[in-house]
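What follows is a set of structures for review.
Presented sequentially are two complexes of chain A, the first with chain B as partner and the second with chain C.
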Partner chain A sequence: MANRRANFCGSDDHRIHRRGFLGAAAVAGAFAANMGVLNVLRHPTLAAELKRQQKHVILLWLAGGPSQLETWDPKPGHDNGGPFRAIETNVPGVHISELLPKMAQRMHTTCLIRSLNTRIADHGGGAALMERGRRDEPTVQYPDLGAIIARELGRADSQVPDYVSMYTSTEGRRKGTSGFLGARYAPMFLDKELMPSNIRRLEQISDLDHQQRGELRQVLGERFARGRGSNSVDSHNGAYKRVRGLMASDKLFDVSLEPQKYRDAYGPTQFGEQVLVARRLIEAGVPFVKVARAWWDSHGQNFETHLELVTELDHVMSTLLDDLQARGLLEHTLVITLGEFGRTPRINPSLGRDHFASAWSASLTGCGIQGGAVWGKTSPDGVSVADGEVGAGELFATIFQALGIDHKKDYYLGSRPIPLTNPGTEPIRDVLA
Partner chain B sequence: MLRAFRGLLLCAAACGMLGLAATASAEELLPADRPIPAAVDHYIDALLTERGVKPADQASDSTVIRRITLDLAGRIPTAAEAKAYVESSDPNKRVQLVDRLLGLPEFALHQRNEMDQFLAGSDRMDAAWRDYLLAACQENRPWDVMFREMMLSEETKDSPGALGYLRSRAKDADRLTGDTSAIFFGVDITCAKCHDHPLVPDWLQDHYFGFQSFFSRTHLTKANFVAESDEGEVKFKTTSGETKSAQLMFLTGTVVSEPEPPKRSDEEKKKLKEELAKLDEQKLPHPAPEYSRRAALVELALQPGERDFFARAAVNRVWHRLFGWGLVNPIDQMHSGNPPTHPELLDWLARDFIEHGYDLKRLIRGLALSQAYSRSSLWLDGERPNQDLFAVANVKPLTPRQLGVSLELASRNQSVMPVAGDEKWQSFISGRESRAGRFTNWVEAPTNDFQVSVTEALYFSNNAEIVNEFLSSSNERLLSQLINTENREAALQTAAWNVLSRPLDQEELDLFQGYMAKREDRLPDAWQQVLWALVTSPEFRFNH
Partner chain C sequence: MTADPNKLTKKLEANVPGILFCLDKRDDATVIHCGSSDAKVYTFDLADEKPTGKPMEGHSSYVTGVALAGKHLVSGCYDCSLIWWDLETGKPTRTIADAHARWIRGVAASPDGSFVASVADDMVCRLWDAESGKMMRALQGHELQTPHHYPSMLYACAISSDGKLVATADRVGHIVVWEADSGRSLATLEAPVMYTWDPTQRRHSIGGIRSVAFSRDNKLVAVGGIGKIGNIDHLGGPSRVEVFDWQAGEQTHEFSNDKLKGLVETLAFGPDDAWLVAGGGDHSGFIQVFDLKEKKPLKEEKAPMHVHDMVLSADGTSLCTVGHGRIVTWELK
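And now, the complex of A and B:
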């Protein structure tokens, strides 16, 4: 077992922060008991502290399937290794691709899972599996990670969205699904532009009329709901009640409001700007943000594609981690890199790598994770998992546990209990802080 | 077909019967010649009496016409239709209404959309599939015939629309197995894949893999045609680790014996492979097999003694669509561990459905004419009775298309619109119906425990389409009619009939009058806001 977790940086950072977290949570609890007397959220330092303790997830979704060999699991010296070297990181013994020099200097923050065997190697099926952690049943549509996090970490009356999903280029356009959790937890999906659809008031109606029109609707809505005994009707009124609050969150999506030095740091690319928006959103209390970067599907010219995309990922991801750290948010934010599968170790005649779900990698950084840990090992040729094989379920259980969510918790579909992960699934405890 | 059926052997006794909860014998049921509504009310009322529950009153005429029109034609009634119905004193008006709606082009459009939803779900389907469904709905093709067509149509160069169901699933045997058992037979057997079913003692892995065997030779060719090979077995590992070959076993436990697959020499195998590759290259379908397992399933599933799964699943689904709750819930868990609330009624309806040639229109008509269907959805005093008693109507969310077409009608100046049922109506309403497809971008399809998304609320609140198209002041829209009506109360009532299919009560009139009075300086805006509040009210959003 020990060889699976090759190294651990030994930092005590997260432990200290965990203690801090528990202490502040107890304080918050004491105040919450007296909510009638004192509004916690009006207490500036405490409100700030609570906000900081809220947990978040930023999912960097690498659409199309990134190559594990050109990212987290290089195979230098093997025929399958390709032209890029492996470099040392600041965690002794852990090597990653030379395309990730900045992340190599931040390896102590990040844990690598190098032994995913998820079996499904077509885009649609693979993405559905890795978004949800398991396959749908004919009549059970499972919620994806974002919807579950929105449900577990969001607040029912939240004035900010609780699941935001963005993408670059049309191949990355997968809206996400809240499955049986229902539309309350469906993503706010940013289509076409870096601003949610319909979040801004049309100029032709004044703000006051917009508000009072909504109040008129609410009177009708409440009259109708009385005596109908319907949660669906209540959810209709609930959705309209959230409209004004969500409209007020439009500024979160406006990168021009961000100081120039941060815009420069993330860079002027679409992916950079989206990740900067993701940081703005979680800082404001949004529990889950997905940024899908496309298109990693390098059946030909794999190395050119990865030179471009991995270099960008290295820059943007390391900027994000530094930024979160500086704001004290990293301990409460889990940053994930994941795609629908990896790529074949064998290089095809077009110098490409094809779909490959048998032995590939993902990364986890931040909340609840042991930075510097490496789980699992692939064979020297990269073709199979040599040690510590895990599937989508184990990865999801690990993510839930890292965020303090019990992965065995049941949801109910009618009277049928549906646990968060399929029965028998265990998290990778060795990478949990 | 006959050839495919050759060699069928039944061995139910050896395998044990399973699945269906004990069905009542024919002599215990009400006579078969009772009208459907009478049978429905007989059984529903019997359970209410037994439980000592007094049902809600019948809904008002305006609610009844709205409910029936939405359920049968997929749209709200026009103001003229609603008023005429409310004002009519003809004791036969409900029957006339139902029969008229069943004859309108919208009935087939809506029936097609409902089928598309449960057969295809969110799969991206081609136009040929939707055209196939529409043609079938227009002639009220029997459900068993449609099942045959979807399962057994001959693949051709033009890819017949009926094969859309198989085509979108043929790559994934698990999905094809699970979906087919759930959709056509009302049972989700996927839990029995990895282990014997935890909740249903009579479902074993043998059943899952037995059912899968009917589809195990079905696949998609390289040129995207549905094909079936003439060999290949399903093997599975039991929980005890033993490897078993699956038999061709239907859900009832009946096993089919089939002819030996052809024995081919290596030479012949190679030749066959080359022939098929050549067809793929020429973008042609593969030839049908001598013996089709899929055909064996269809034949068996529609046999007396076996067909109850098929008939009951269809009846329960239609019941669920009209009543907002099934006689068995969830509708894909129709097994012995989850009995119906009204077993005799389900049996009676299934028998009627079979005896009348799987006629969906007849079934819909019968349910829509029952008293149980037309109860009020309001329950103001005391605890609301459990929904499986059908003592009070369930509120049902509109589908995206129902909402789209209804919004179109609600926001029209109906005095300059074709009259429902007239000669210009058909092209008008099919145009509206097809435009309504865009609502799927913003509005979620109904599910159990349906919730409205903020995406929908934001769309209605801030999208330019709503105010510039539906709530615009162009001549064809209701807003222009309201602005140009002198009498404010009359205008408010016009709006209410258009949108809610009923007049406003005094309290509502006062509410709107008060809102208007504060905006005397910008009346067109005020009218637009009043209309907005009406079309975004849950009374419009739901079928109640």
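And now, the complex of A and C:
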């Protein structure tokens, strides 16, 4: 595998910040094991340092495929446009669907990519592509975005999960994959409730007993590993080292610990609560959180479905951006809205829209992004990309670059170099800050 | 001639551009008035060999309600406005731009043409003086949000044959019968099956009560929508009709049809209230007739389009339907 700490440039300035950060992280870890990570953040200096150094991603995964026409790329006045109006935003000349009035007032924070042509319009294939940025090869299963971000932005000594994925609806549920990166970067997957299952210590075992068992296991494990140099043994031992930190992170998932005003702000829906948990996780140092909101597959009654779901997205996403901004986290956090594809411009007889991957949209907000930018253009009827066509690879390269990750960086599978994005893929530089 | 719903037969089929959401016509007339997805109100003469709509322009979104009230034609639209039209000139004579705060879903006129009712997603039914255009009353009895905290929708309204009652019905299956003169709520009824919230697989809903009608003796209220859906990506659930004795607060009839799937978008009682006709659909469309005395389906026909609205003649012998790209007339004799 490639050297995962290539970001250290060697300068004094970087050395000081890096040292300070590592110190803060170590203290954070020590505290976290006993007190819970949130307590660390009450120390303003440490919290500020963590915030300054770390970058994060919150992926709002709109599973099932939202309509670009009812979100980021409206076509008012055209037969394909549907009944919703386009509204002005606080970025002159940029209009979005009237279902997003709150986001319209925050468009200066957000860039729109309106020219995705990803060609795969079935749920499974589309989701796999948009999770990984490229298609698997017969002999290579690529890691998804969360696993890559966990590897690039996670810390070896992390006391919190690197990659948390929430997907509670059953339709289209996908756990995500760390592919060839291995189980170390697989997501902590929450599919039933906000609180991870099996994270708490058994009542029959005291904390001291648990700690001593861990120390004994560590001694035996290190003796076993000595001289063997096996990735799987290292991975096994590494996982155990993180257990106590992960066990202490249960409070991060408990929204009842959040002040009522924030719970009220995010709202009472499950999606709102999950995004609030995502913010808590990010604040505590988790590099990547995916919140899946299913299910947008509106073959029938597209407009009724989008009245429900876009209204919710507008409220929850705008609340999240405000909250991140107020906490000084937005410039370090990339918020992505993405699904597996968009929806057909043509309106079918059930007043629905069907699967469509030829000309659709995504949004990027925050870290490394030029707010207010709009990339690409679709034709007046919305059926094709008129300008600036990009695919999943370009989107992923843009995400990596926004986070300061070299999209050409190689991983190694055995001796085979595997770049983060396929050779020749370039980011959309016009939307990068 | 006596109506015979067993003889339901398609007579005329005309292709039209766009989607026709609503319809009104005078009894026995060949001229019909429709609201369209292209933001226009059209007048068609079905006596023409190839009916071509005469457009009237003034709205800016889907036109979802039209009603003839005396000499006036009133239309309602997702642009939240109501427009009174001069049918001679095809021009608006009155526009109430902010008649509602959200999408207008339907418009109905009292039989004597004295007032018009409009319903919208602001969950208010407003009664308007048809002559002056002044709002007479705002009927408020439907929740703005569903129990799952999403925007609700007030889809349907109907006015009784004597003009004394108004019925309204919403997305979660809540029905209110109002006294038109006072604005007082006289009864509330529930049809919860028509609220198709999926709490597990997809976490949204697509159903709701889409149609409501009074029986001709005004003792019954019928509502139409869709039943329990396995996969709410599509309109794949059974078409569903429930009938209530609204004064007793009791459901008297329930019709659920697994073979004809989709939404029941429009309802009308036949003469003597012996039968009830329903129109709607999913990707395709249907007409169904129910025998209210025997409490069983009487007749069903596939329609060549999703039916959004219909008008049954006073004697029950003819039916005009409009929907996705088509106008179809039917005989029941």
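Here, the second predicted complex is superposed on the first by the 381 of 433 C-alpha atoms of A that agree within 3 Å, B and C clash if a C-alpha of one lies under 4 Å from a C-alpha of the other, contacts with A are read in each partner's own complex, and residues count from 1 in each chain.
Here, a contact is a pair of C-beta atoms (placed from the backbone, for glycine too) under 8 Å apart; a residue touches a chain by one contact, two chains touch by 3 or more.
Computed from a predicted model, the values in this text were never measured in an experiment.
Student: Overlay done on chain A, so just call it for chain B and chain C: clash or fit.
Tutor: These partners fit in the superposed model.
Student: Could you tell me if A:201 is touching chain B, chain C, both of them or neither one (first, second, both, neither)?
Tutor: In the superposition, A:201 touches chain B alone.
Student: With both complexes overlaid on chain A, does A:414 touch chain B (first), chain C (second), both or neither?
Tutor: A:414: touches chain B, not chain C.
Student: Scan A:219 for contacts with chain B and chain C and give back first, second, both or neither.
Tutor: Touch status of A:219: first partner only.
Student: Just to be sure I read the superposition right, which of the two partners does A:305 touch: chain B = first, chain C = second, or both, or neither?
Tutor: Second partner only, chain C.
Student: Who does A:348 touch here: chain B (first), chain C (second), both, or neither?
Tutor: second
Student: Chain B to chain C: minimum CA distance in the overlay, Å?
Tutor: Checking C-alpha atoms only, chain B sits 17 Å from chain C at its nearest point.
Student: Which stretch or stretches of chain A touch chain B in the complex?
Tutor: 125, 137-140, 161, 180, 182-184, 186, 188-189, 196-202, 204-205, 209-210, 212-214, 216-217, 219-221, 224-233, 235-240, 242-243, 246-247, 413-414
Student: Which part of chain B faces chain A closely enough to touch in the complex?
Tutor: For chain B paired with chain A, touching residues are 172, 175, 178-179, 181-183, 188, 190, 329-330, 332, 377-380, 384, 392, 394-395, 397, 444, 447-459, 461-464, 467, 508, 511-512, 515, 519, 525, 529-530, 532-534, 536-539, 541-542, 544.
Student: Which residues of chain C touch chain A in the complex?
Tutor: Listed in rising order, the residues of chain C that touch chain A are 18-19, 37-38, 60-62, 78, 103, 121, 148-151, 153, 200-206, 208, 232-236, 262, 281-284, 305-306, 324-325.
Student: Show which residues of chain A lie in contact with chain C when the two form their complex.
Tutor: Result: residues 64, 79, 83, 85, 169-171, 267-270, 293-295, 297-301, 304-305, 307-309, 311-312, 347-352 of chain A touch chain C.
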